[in-house]
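Each structure below is given as structure tokens.
Note that subunit A is present in both complexes that follow, paired respectively with subunit B and with subunit C.
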Partner chain A sequence: MIPFDFEYYLPGSVEHAIQQFQNLDQQGKNPMYYGGGTEIISMARMANISTGAVIDIKDIPQCKVLEFQEDHLVIGAGVTLTQIHESNLYPLLAQAGARVADHTIQNKITLGGNLCGTIIYREAVLPLLLADSEVVLAGPVGCKTLPINQIFKERMQLNKGEFIVQVRTLQSFLSCPYVHVKRTKEDKIHYPLLTICAIQVGNQVRTAFSGVCDFPFRSQEMESELNNSSLTVEQRVDNAITITPGLIPSNLEGSAGYRKFILRNLLISILYTLEA
Partner chain B sequence: MEFLSIGKDVIRKDAWEKVTGRATYSADVSSPGILHGVLVTSTCAHGKIKSIDYVEASNMPGVKAVLTGDYYPILTGSVLEDHPPLAAGKVRYYGEPVAIVVARSEAEASAAATRIKVYYEKLPTVDSPSAAIKPDSPLVHEHLDQYKKAIPEVYPEANSNIVHLVKIRKGDMNQGWMDSDITVEGTYSLPYADHIAMETRSARAEILPDEQIVIHTSSQSPFAVRKLISQNFGVDLGKVVVHVPLVGGGYGGKAAVQLEYLAVMASQAVGGQPVMITNTREQDMAGSPSKLALEAIVKLGAKKNGTLTAGEYTFIVGTGAYADSGPRMTNSMAMSCTGPYKLDNVWCDAYCVYTNHTYATSFRGFGHTSCTFAVERTMDKLAALLNIDPLELRRKNAITPGETTPTQVVLTPSNLGDVPACLDKLKMLINWDEGVCIDMGNSRIRAKGVACLWKTSNSPTDAFASAVVTFNSDGSANLQVGAVEIGPSTRTTLAQILAERLRLDIDRIHIDMEVNTRTSPHDWKTVASMSTFLVGRAVEEAANDAIRQILSLAAMAIRCSPEDLALDSGRVYVKDNPNFYVDYATIVHGFKYPNGNTVGSQVIGRGTYVMPHLSPMDRETGKGKPGPYLTPGAQAVEIELNTADYTYRILKAATVLDAGKVLNPKSARGLVMGAMGMGLGLGSRESFIYDQQQELQNTSLRTYKVLRIGEQPEYLVNWVETPNAIGPYGARGLAEHGIIGIHAALVNALSRAAGVELDQVPVIPELIWEKIEESKP
Partner chain C sequence: MEQMLGEGLIELKVNGENRKALVRPADTLLYALRERLGLTGAKPGCENGDCGACTVLVDGWPIKSCLILAVEAVGHEVTTIEGLNNAPIQKAFVEKFAFQCGYCTPGFIMNCQGLINIHPDASDQVMHDWLQSNICRCTSYQEIGEAIKSVLHSSEA
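And then the complex of A and B:
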């Protein structure tokens, strides 16, 4: 049971949502934007967060789109992982989303919610980092569109009152050869021990990771090692895994040593697959 | 005469209410004016409580009372009275209840609970069972010697963490080692884990103006709740009424009494108003009792041909912060220490020790699940050393009638069953002969593992159950028993036994799903896979009593001797002319002659049955008879290991039990499958994980993983039926047995496939990797 009362708002437009946020904030209600609610509900239940009001963005038309607009695939922040999976418009994203939590929860988790979540894995960001997607943000000063590789640094760098409206991805990336692998401690449905998404663009391999560090990332440095064609696949992988952008963690899901072992094996196999 | 009900796939009596969602459980019932209690639990595993600040919480809206350990300081326990229901002075595990907030609504109570501040002074922790017995270990209980014993046969050691020590001394160990050509030894460890019953625990109590205490609870032992509440609150036994509706899984975890104490205390604090306390999943895991931990050393001696000559077993059983039924489970492991193998020379020391973890209570298998792992892993090591097929080694040493158990009970076909027959059937079922380790190519290895098991109960020697059968004027019967329906269809099986005896269609036997200690006949507890036996025998006797009355009434109606009559299909007929009969309906409410004169009235049968010839285990040798008969079995698991990353799939799990007589094949099969699934979970993923301060890390099902639907293997179940002469229709208990050897079989298979000795559970892929890394030169 959630041990506090809170108000629920369902605005019908971006502007209305922004305005409600500002009003509620001024009233000291510590408002939160609300997507699928899976994190807010479970954390509120454990009294790990508290809020006086939530603003559900799922009724905003722009947040509900899942379609091509000219040469971009546009996905609203309120679209669920299940909808993305079933549409299969971006197969890599479809697959990555279909391995977050279980099916019942995928029916709830939204793209925006997964990108902004507090749980460190945020696996839906990986395909977007690889495809140089753009994020449409709305906030008190209006709307803006930014490259995800700029706005996502370990986590979404949002200012107070901002929320994600949409994510736009160039159509040409959607059909690149790709690999998605997720390894867990043991169960199919669990946080990642590590998740790797990779695509091949031209003769370059792009890779993005979750579980390798305490945050999801795509690393230019690691990619240049992985694409260093003067070395063998094994040498490239060994070089790449020494320059992860943060420490490889030991946690309930597994030790750093085991993660490294799995990371190395998977990267070798991914490179062979994509280069074949 | 052909069976009417016995051996048939009778649909459970609670099926319709369950599948339609109409079934009600303890927490489903609400009433106007009911108050809610929410627990505040310890965030420290071992510490002095310096102070508890609850001023702010007390002033929150809706709050009626806040209770802490000094409110009603009692010590409780069914074996040793060491347990304050609310921590008093110190906390001994993470998750221990330290305060209760009582409020008008659950939301108000929860909100106030978050405002209570508890200040601890941390104390050094006892981290593991083996650490607990070190001479310089911190003490979980400083005054162990001052606790009152609830039963005489518990032997705590002052100034130590040792709650209990039980010994088995059988035969001559020197002779056993001398006779051996080879010895093998293994050291094993199994962690604390949880029951994860689907229904979390819930208890509601109110104290009526005439001091009667009325409790509604999700419990496996309503009569024990009544007794312990009566004792601890100084109220006459008859003035305590305990209601138990359907229970959503117990697995032993609801045999312990915990929330009931807290609910009664909370009701006391608010002038007797009803208070309900329902665990969240997190509280149910961390705060309410869990599964014990075990560290074990097993040493076996054998001749070159594989014949066992000596067995030495050291068990250090972690019971967590409080004794609860830990000492009884320690007895249980000792009495079954050898497994179902012939061994003339047996030595066992089994310690039950405190550690700073969630306290343990009975768990499906009652200790056997843990000690069997150690025994069966050692049997595989012996087989490897001797280069004998592991199934063959077990077959060769399988115990048979005429031999004795570790507690020196002489075995007969009836009280033992047929272990070799179980192994023979298992061998076919799992297709053992195709090979136990097959390289499938592409980094895939398929392997099989096997394990044997046996178990009897370990009840008080005077445990009994009763049954009452009453008749309706339509000739149908109502059955009243005290066994709780915790899931395995017990009450339906008991109805089947009655239906068979009375020769009535099962649809004409009516049975409610609720137990009420004031109106239901007494039952020891719904535990130990004993209900079908213990209550079933009482039902048979009640049926016999009713039949005597029915025959006597029918004799008057038909005007013959009762000896000339027989029963079938709801009729009493003359043996030499079945067409000459009376319906039950004509006689069970008395027989009316045509002139209106009536003889007899309602037929009411009563029956009761007490455990036969049990005796406690001798303190020095373990000699004694702890249970009425054994149920043995054999199990196997087939896995496929990926040697590139050490992930694996469980392909098949198989069990053959000597069931004596299978009373309801489909429910029996379901029970054994469920037990296997539970054991595979323990073998492959389930354990409580503690940090350096012994604070529980995986407090929810996000990180404490149980086997999911898609991860279940193919289940194979088969039976041997060696009649149990004292069981109803020859039946043996089987509710727990499917769990006992299954994780041993799993890990035997995994060890074989990985080529390393895996001597702990759960076996996660990382553990296999770690052992393989360690084994590299």
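And then the complex of A and C:
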């Protein structure tokens, strides 16, 4: 049972949601936008978060779309990971989402919720970083569309009152050759020891990681090393893993040394696979 | 329901019937089903989305009722284990001895029923992916797998 009370709002438009957020904020209710709500409910139950009001975005039409609009695949923030998986419109995203938590929870977790979650892994962001997706944000100053590689720096950098409405991905990226690998400490259903997504665009390999650092990332510097064709695959990988954008952590999922060992072997395998 | 500001009555469609429940906006569907509607088939286990004992169907999809607010279920069709009327998967669980203590059984059966409804021709891989959402501490996994396989691909589903 959640040990405190909050109000529940279900706006039917982006404008209404923003208005409600501002009103509730002015009333000191510390409102939160609510997608699937799995993280909010579980953290609220443990009293790790507190809010006086949640604003459920799942009834906003723009947040429910999953369709092609001209040359973009548009996915609303309220679309569940299962809907993305079942549609298979972006196979890499479908596959990455299908390894977040478990299947039943994927029926509830939304794309927007996974991107904005506080749990450090946020694996659904990886395919979006690789495909240079765009994020449509709404907030008190209106709507704007930003490259995800600009707005996602360790986590979504949202201003107060903003929420993700949609994610747009160019259709040409959806069919790129790809690899998705997730390794866990024990069972299949677990936080990742590490997750790697990779795609090949032309003769260049792009890579994005979760579990390697305390945040998901795509590193241009690492990609430069991985694509340095003057070196062997093993040399490229050895160079790349020395320049991760943060410390490789030791935690319950595995030690830093073990992570590095797995990372090296997986990257070598991925490069051979994509370059074959 | 556009908003709910405090404890009040909501109308839920559960097992084909419209039922009124007095809940707070912060109450989960699991709480509403068990404590307000007397439907105790959905079991509280971890209440953290890990065990699956509280699984129900919402619009045909398995959902862990500890991770959905009761108010979110307004306007949707909720099915609990009490709503299955001697369904083939229930009979299969009995015939295959697919339980021991039985605490996880309603959650497993609801997940299986969702799979049978949505993917009646599910492959072993899909079946495996779906059923990994539930935990059986008595480890009846082999028998549970046999039970659902006996219903999948059959005209009885």
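Keep in mind that, in the parts below, the second predicted complex is superposed on the first by the 276 of 276 C-alpha atoms of A that agree within 3 Å, B and C clash if a C-alpha of one lies under 4 Å from a C-alpha of the other, contacts with A are read in each partner's own complex, and residues count from 1 in each chain.
Criterion: a residue touches a chain if its C-beta (ideal position, glycine included) is under 8 Å from a C-beta of that chain, and two chains touch if they have at least 3 such contacts.
None of the values given here were measured: they were computed from a predicted structure.
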item	value
Partner chain(s) touched by A:F152 [first = subunit B, second = subunit C, both, neither]	neither
Contacts of A:F21 with subunit B and subunit C, given as first, second, both or neither	neither
Which of subunit B and subunit C A:Y90 touches, first, second, both or neither	neither
First, second, both or neither for A:F163, with subunit B first and subunit C second	neither
First, second, both or neither for A:F209, with subunit B first and subunit C second	neither
Partner chain(s) touched by A:Y121 [first = subunit B, second = subunit C, both, neither]	neither
Partner chain in contact with A:Y178 - subunit B first, subunit C second, else both or neither	neither
Residue contacts with subunit A in the superposition, subunit B compared against subunit C	C
Partner chain in contact with A:M1 - subunit B first, subunit C second, else both or neither	both
Touched partner set for A:I189, first subunit B, second subunit C, both or neither	both
Subunit B/subunit C common contact set on subunit A	1-2, 4-5, 187-189
Sites on subunit B touched by subunit A in the complex	106-107, 110-111, 113-114, 282, 644-645, 647, 684-685, 689, 697-698, 702-703, 705, 708, 710-711, 764-766, 769-770, 773
Complex contacts: residues of subunit A adjacent to subunit C	1-2, 4-12, 37-38, 41-42, 44-45, 54, 56, 82, 98, 101-105, 107-108, 187-189
Subunit B partner contacts - residues on subunit A that touch it in the complex	1-5, 46-47, 183, 185-191, 252, 254-255, 257-258, 261-262, 265
Residues on subunit C engaged by subunit A in the complex (per definition of touch)	1-6, 24-28, 31, 47-49, 52, 55, 61-64, 66-69, 71-72, 111, 129-130, 132-134
